[in-house]
Amino acid sequence: MDSVLSLILFIPLIGAALTLFTKTRESARMIALISSAVPLILTVIIYLQFNSGLAFLKFQFVEKISWISTLGINYHLGVDGVSMPLILLNAILCPLTIIYAWGENKQPNQFFALILVLQAGVFGVFMALDFFLFYIFWELTLIPLYFLISIWGGPNKDYAAIKFFIYTHVASLVMLLGIFALYFSTGVNTFEIPVLLQAFAGITSPEMRVAIFLALFFGFLVKMPTVPFHTWLPDAHVEAPTAGSVLLAGVLLKMGGYGLFRVLLPMIDGLGPYRSDIITLMAVLAVVSILYATFAALAQKDLKKMVAYSSVAHMGYVMLGAAAFNFMSVSGAMFQQFSHGLITAVLFMSVGVIQHSVHTRIISDLGGLADRMPKLAFLMMAGFMASLGLPAMSGFVAEFLVLTGSYLTLPVFALLAMVGIVATAGYHLWAMQRAMFGSYNEKLGEPHDLAFYEMIPMAILVLLIIFFGVYPAPVMDVFEYASTIIPGVM
Amino acid sequence: MLPVSYYLIVSAIVFSIGVYGVMTLRSGIMIMMCVELMLNAANINLIAFASHFNQVNGHVFVLFSIALAAAEAAIGFAILMNIFRSNKNVNIDNINILRW
Amino acid sequence: MSIVDFISQFAPEVILTIAALAIMLIGLGLEAKEKRALGYIAIISLVLGILIIVLRGAYELQLEGIIADSLTIDPMSQFFKLTFLLVSLIVVIASLKEYDNHPNQDEYYTLIMLGTIGMMVVASAVDIVTIFIGFELASISTYALAGFNKKDRSSMEAGIKYFIVGALSSALLLFGLSYLYGLSGGLTNISDIAEFFSANPTIIQSPFGIMALVLIVAGFGFKMALVPFHMWAPDTYQGAPTVISALLAAGSKKMAFVAAFRVLLIAMIAIKVDIAMVFTILAIITMTIGNVVALSQRSLKRMLAYSSVAQAGYISMVFVVMSPEALTGAVLYVMSHAFMKTGAFIAVAALGYMLLRENSSAKDVDHLDNFAGLGKRSPFLAFSIMIFLFALSGIPPTAGFVSKFILFYSVLEGGFVFLVTVAILNSALSLYYYARVVKYMYVLPPSSSERLALPKAYSLAILVALIGVLAIGIVPEPFVNWAASAANVLGL
Amino acid sequence: MDFGSLAFLIVALPVLAFVLTLAFGNRLPNGGGHIPIVAIAMSFIISVLIFLQIYPNHGTVEQSAHWFSVLNVGIFIDPLAIVMLMMVTFVSLLIHIYALGYMSHDPGQTRYFAETALFTAAMLGVVLADNILQFFIAWELVGLCSYLLIGFWFRKPSAAAAAKKAFLTTRVGDVLFLAGIVILYFNMYTHVLPVVGGHETVYLLQFKTIFENLTLIPTDQLTIITLLFFGGAVGKSGQFPLHVWLPDAMEGPTTVSALIHAATMVTAGVYLVARTFPMFIAAPESLIIVALVGGFTALFASTMGLVMNDIKRVLAFSTISQLGYMMMGLGVGAIIGAEAVGFAMFHLINHAFFKACLFLCAGSVIHAVGTNDLREMGGLFGKMKITATTMLISSLALAGIGIPVSIGAIKLGTSGFVSKDAIILEGAYSYFAHGGVYGSLIFFFGVAAALLTSIYTFRLWFMAFTGKPRQERHAHEAPSTMTGPLIILATLALVFGALTFSPFIHYLETTYENEFFEEIDPNGYIHGLAERAGYHIPEHPIVHLDLAHDTLIMMLPVIAGLLGLAISWAIYHKRMFSVASIGNMRNPLFRILAKRYYQHEIFIELISLKFTYGVLALTSEFSDRKIVDGTIDAISSFFIGGAEVLKKIQTGVVQNYATATVLGVALIALVLSWGVI
């Protein structure tokens, strides 16, 4: 088990290479499925072995090999409570996405290979304990998604793909700047994340600390994304193929939140006199994201764009929980990441099926789909309900913890955030009503209901959403330990 | 013996003429000659300094530079020949298919 | 120092010289078809040179005798020689096919060899005379190479433009050096000059001193293609035979950097002149102009030329920072960029070759439109181009990323936050035009569905570059160490 | 055997039934409708067994397990919960049986039975919850199920719209409720945890923990919390101003209406206030607001009930109105204390019986005549005797007809009479008599609403069953699966109140009188809380009226009921004068009622469409496209445009390049010498 993390990390990459050289669709998707299922099995095994209770103070399954010793750069992997469930999420979503995309006809070998590369990149981000490595994987995730959008995307894919690429790349570079600054200001001559974070508070100039914090913050903000740096996301989603959207919203956005928890929160207490300003800034951004994105979603005509905006709003909760900075809110925010990953996947899959089946996503053109596509209606409804925060589904657990926790430290912001709940329900229900209910719009032709391979992943996800909504402890406990060891978190 | 500054003034004048020529002339040959002027201005400097300091290395430098200038000129003329073959003149200000 | 010692220490140069002469002589007696063998001679000599340098690794040797004042062997020189040899190797391998049946192959290979020797001389030179000679040797060879396709108007134009601006710059450089020589009281060895000026700083701060500095900066700046001395570069890179563009961008340009490192950094560090200011402006303008104008380019060669300009801007930040770390980054960047740029140009050349083979009257073979659907028509070529371009924009895990990482971080370490911010934003901007090419290759439909057969020579050349790019990206340690020891030589 | 340990089955069985029906219902007769019936019957039996077990010694059933984080799941059955449990399971069972017949021709009956099973389960979850969060979760699931059921005939656009409206409107209340929970947690965390924490795991949101430590929480905070809770109740129980969804909710099958309006959903709000009554009593200002809102709603809704022509809508408004009574009954607890819970719950139970009966009767009628419109009915009495009779009985109960005398413990009157009388006289009047704030107003609301209730109830009955048939369709009596439940419910509506009044009230009082509460405050838990908030609960809170001395007061509700009956009889049966002269749209009063006080215009068009969509959403969308994203695009076009300009520098003329080089030299020289000098 010494190098299990490396195995999880590299099996998809190897699988990607193999997939790329396959000749037929059948072999491509089979190899892809296997090479993403093996990491899932391994992840589940280590998740079960993962000892969140007793040994939560240190990283587990650590691998460390010196890489560029002059700069103190190591190939350093390890997991703890912050990352483990997200690794699980990634491990779950990718095979499901591959199954969902079982019918992909356009260059399937490249398609599946890119998904696998994406998976590996995200794994890497969640596992890396060295900033250099972290950054490498962080950037690595851009490329496959860029291709997924620009090759398999919709009509305006050029614009969306390049916008996504450049926008997030700029943010990454700013983050890189922050990493450098952190490295120099601490003077520890290593890029180890934990070491640097520990040394952060030792930086003498408080302004420097704030500058470092903000630079890193910007990188994560754009990724999450938070208003006003979110506009790449709806465009990317609208144009991306369903599998790309699922992974983009499901795991890629989580990288931003992960950065928040892994890197930024441990720094907060080191901010000295600026601590409260920064917290306020985060809280304002969070609440603005929630409300603004919710209202923007309300105005969308394209179902997929609406879902994309809902992602922005939901990620706002992550930010709010992080800003509130107590164990309840932080663990809730972490759980929100996990839960949103599952939920949004169902939503995008549903939208994908609609698009595929009736060739439009414009809400007003749809209507009465439940009549012809009852299975879709059922699963989509489940997804929508989860997304609007219905209890007994995982989204509620997260939102409740975030709101309750946030009220402890940021009461005003928590209450403001609650205003959005009604509007959230509003656009979800409105879309359901227009798209699913009423009499069937005959102009849409004869749709087919879910194919078997589309239904399986959606059903699994819905079951998981309900499972984690009813019994969140397996993931929640891990997050809870993880959040309590962040310095300064009550 | 003349002070070194005299040589410097001469060389500066020669150099300036060369620079002016490169900037303004149209003919490739003339431009090359202006470049030669500039090189020789430098050579004047070097010689002047070398004799001023009683050093031999300056002279060596000049010898090399003259040789190199010759080689350069040879290549230059070869290219200009080509141009002449296709354009029937050596004006280079209308050679601008490569731009923007 | 005996002649045997000399030969053993400068074995690569000696081998190359012999090879160059041999190629020239043998070529006289060969038919055009047989001249292909000459390329193999060049390759063998280059591989030998590379092996010698790699096996010896980074080491420093105190040379003795008359040679000691003008040449040196140190990690810096070896690093750059290795770079030049690798670039030449890649170029020559690619040329095997590019100039397969060309009647003047012998001259072509000789010129490449000589140019490489010139660059290597500059890498070892510690004397302004030697530097100038090496410079000119490399320049003259490449003038000829740039205009090598005599029947091609754009090659001709590239040649003349390169030549005129180059000659002008040589003259400027020489004039500047002559002042330097005079001001230092007749010194030519760089470290002696540095010593002299640090003892007598007022002399270099005189108008003559400043003039000398400026002219030297301009002379090097021409080769480095810093704005505003860059203007020849886009035209020349675009017009010259593509493999030669690779040599220019990756080889002769880098030669200017090593010379500048030696002269400017050693000689000028002693001088309390505010040269950092100048280079701050130059670096910012260079990278910004390079990247912004590259946005509008449709010719890939021209785009790569502008990207080259921009990269020079990044590297020249080292003259602002002047720290060993920055120099490490810059030195590493030089090698990385050599691989990336050579690879990219060779790949473009390969495509051009294949398109011309399909249709010999094709124009503008490096136009972006020709890259549409390349991913389908020639997967390996497209994939390599993608890697080279992503490397150029600094996306991990490539050489471009590692070297940019180290360079940028050292600039920040020096406290030049503004500079590094500009550089980083520029880097982001550059992604736009690189990604556009990638988009053409993979997203747009191909003009014809016929697959393009990539000749083996090109594949091999591209593969070498690809390995270089990925090796530095994934196993950077040895390269970084070598670059670091090279940087330490200058004793900043 | 300890039946308490089976308590979880009460919820688990219907959930199981939901899953099974969904999975296998299609292959079974009646769409698998028997599965939920069996499950709910068993739930009912378990509830009764538990009741029998805990009744003698006023015991409770408590179970709790760690859930996650700082939260637990648990079951808490006390007198309050057990009566509710029995009522819900029983009524739901009858409605399910009825639905076997009613839904037998609907192709979606499997879905129907699955959803109603889940609905019942959710409602039982609300009742059983031992902490406020679990309560909320089940509460929301109730909302979800109501959404699904109201929109059961989703192909009908109006049904889909009604479902959305119901869910959204209750969601407004739910958010308030959630906010209340959040603020409660904050207070528990800051004020209670330091006191109780440390020695053992304390679940801060557990009802018992809350009740035990109420005195530690500042009153003003409690007022905010309870008002927010009440906000949730207002949404769920259709109180003013969030009642708008309820009349529209009639788009679902009639059985659903019965389930929603009688047994489950709408009573959840009342149950919430009853469940958290100690919190309310510790912040009595909130209770007074509860009373006022409840009373006002009772009157307000009944005015609209007067003019509705849809049979189910009339009943819907009556539900709102009756819920108002319950709220009022709870609200007066500010003065009369815990007895208020008994009154309200008693009315809730009775209301469940007679309202379920009314809806099911209405269902029969609709089934028979195929329309909802009262104006198209008439003369059905002869054709549907059972339905007409049972409906008459439950109408009498709804109108509260009875005689205000008791023989021993038995009150003479329909169950509606018994419980409504209790709320008006023993509740509202006592409140008034003890000088409660706005006491006279609340009392007035109660009496006035009783009059109007009676009018519209009998208007409905007379219009449907008497007079000439206005339709040719051949109406017939429903099958026995439908009439059976009607008879049972009507019987209960008639006698349940009369028989059980005082034991019920006494039993519910014990909710707050067991050892647990005595330990907290030996001098009376509820009293202590009220005292602390500055409200005094009198020694004998209920003013005992004597028919001899307080004739007028005591007779008032009865008179109101009878008067209403008389008016209806006169207008709608005897047709003494035509309603058309006042009942048309030219009459502003009629128009405002028929338009339902323009709530649709205000809520849907003004608030939702004009403000939320038109202003907030479109502004956000616009700013997103034009401002936020516009900036990004502007930056990008700046660079791309800049490139087009800058590339022109490269003229292609080599002399220019030379000039640039020389100029560069000059400029650098300038910079350098400027640096030196």
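A, B, C and D are the chain letters, set down in written order, and residue numbers restart from 1 in every chain.
The rule is short, and it goes like this: a contact is a pair of C-beta atoms (placed from the backbone, for glycine too) under 8 Å apart; a residue touches a chain by one contact, two chains touch by 3 or more.
Note that the coordinates shown come from a computational prediction; the quantities given were computed from them, not determined experimentally.
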Higher-contact pair (C-beta pairs counted), A-D versus C-D: A-D
Most remote chain, CA-based centroid, reference being chain B: D
Chain whose Cα mean lies nearest the overall Cα mean: A
Inter-centroid spacing, chain D versus chain A (mean Cα positions, whole Å): 37
Chain centre separation (chain C, chain D; CA means) in Å: 78
Between chain B and chain A, distance of the C-alpha-averaged centres to the nearest whole Å: 64
Distance from the mean Cα position of chain D to that of chain B, given in whole angstrom: 98
Per-residue overlap in chain D, given as positions that touch at least 2 other chains: 647, 650, 652, 654, 658
Sequence positions of chain B contacting 2 or more other chains: 22, 31, 92, 95-99
Contacts with two or more other chains, residues of chain A listed in rising order: 166
Inter-chain touch pairs (all): A-C, A-D, B-C, B-D, C-D
Complex contact set, residues of chain B against chain C: 4, 8, 11, 15, 18, 22, 28, 31-32, 35, 38-39, 41-43, 45-46, 48-50, 52-55, 57-58, 60-61, 64-65, 68, 71-72, 75-76, 78-80, 82-83, 86, 92, 95-99
Partner chain C, residues of chain D touching it in the complex: 639-640, 642-644, 646-647, 649-650, 652, 654, 656-658, 660-661, 663-665, 667-669, 671-673, 675-676
Chain D partner contacts - residues on chain B that touch it in the complex: 19, 22-26, 31, 92-93, 95-100
Touch list for chain D against partner chain A, complex: 66-70, 133, 136-138, 140-141, 144, 147, 151, 154-157, 159-161, 163-164, 167-168, 171-172, 174-175, 178-179, 181-183, 185-186, 189-190, 608, 612-613, 616-621, 624, 628-629, 632, 636
Touching residues on chain C, where the partner in the complex is chain A: 390, 395-397, 401-402, 405-406, 408-409, 412-413, 420-421, 424-425, 427-429, 431-432, 435-436, 438-439, 442-443, 476-477, 480-481, 484
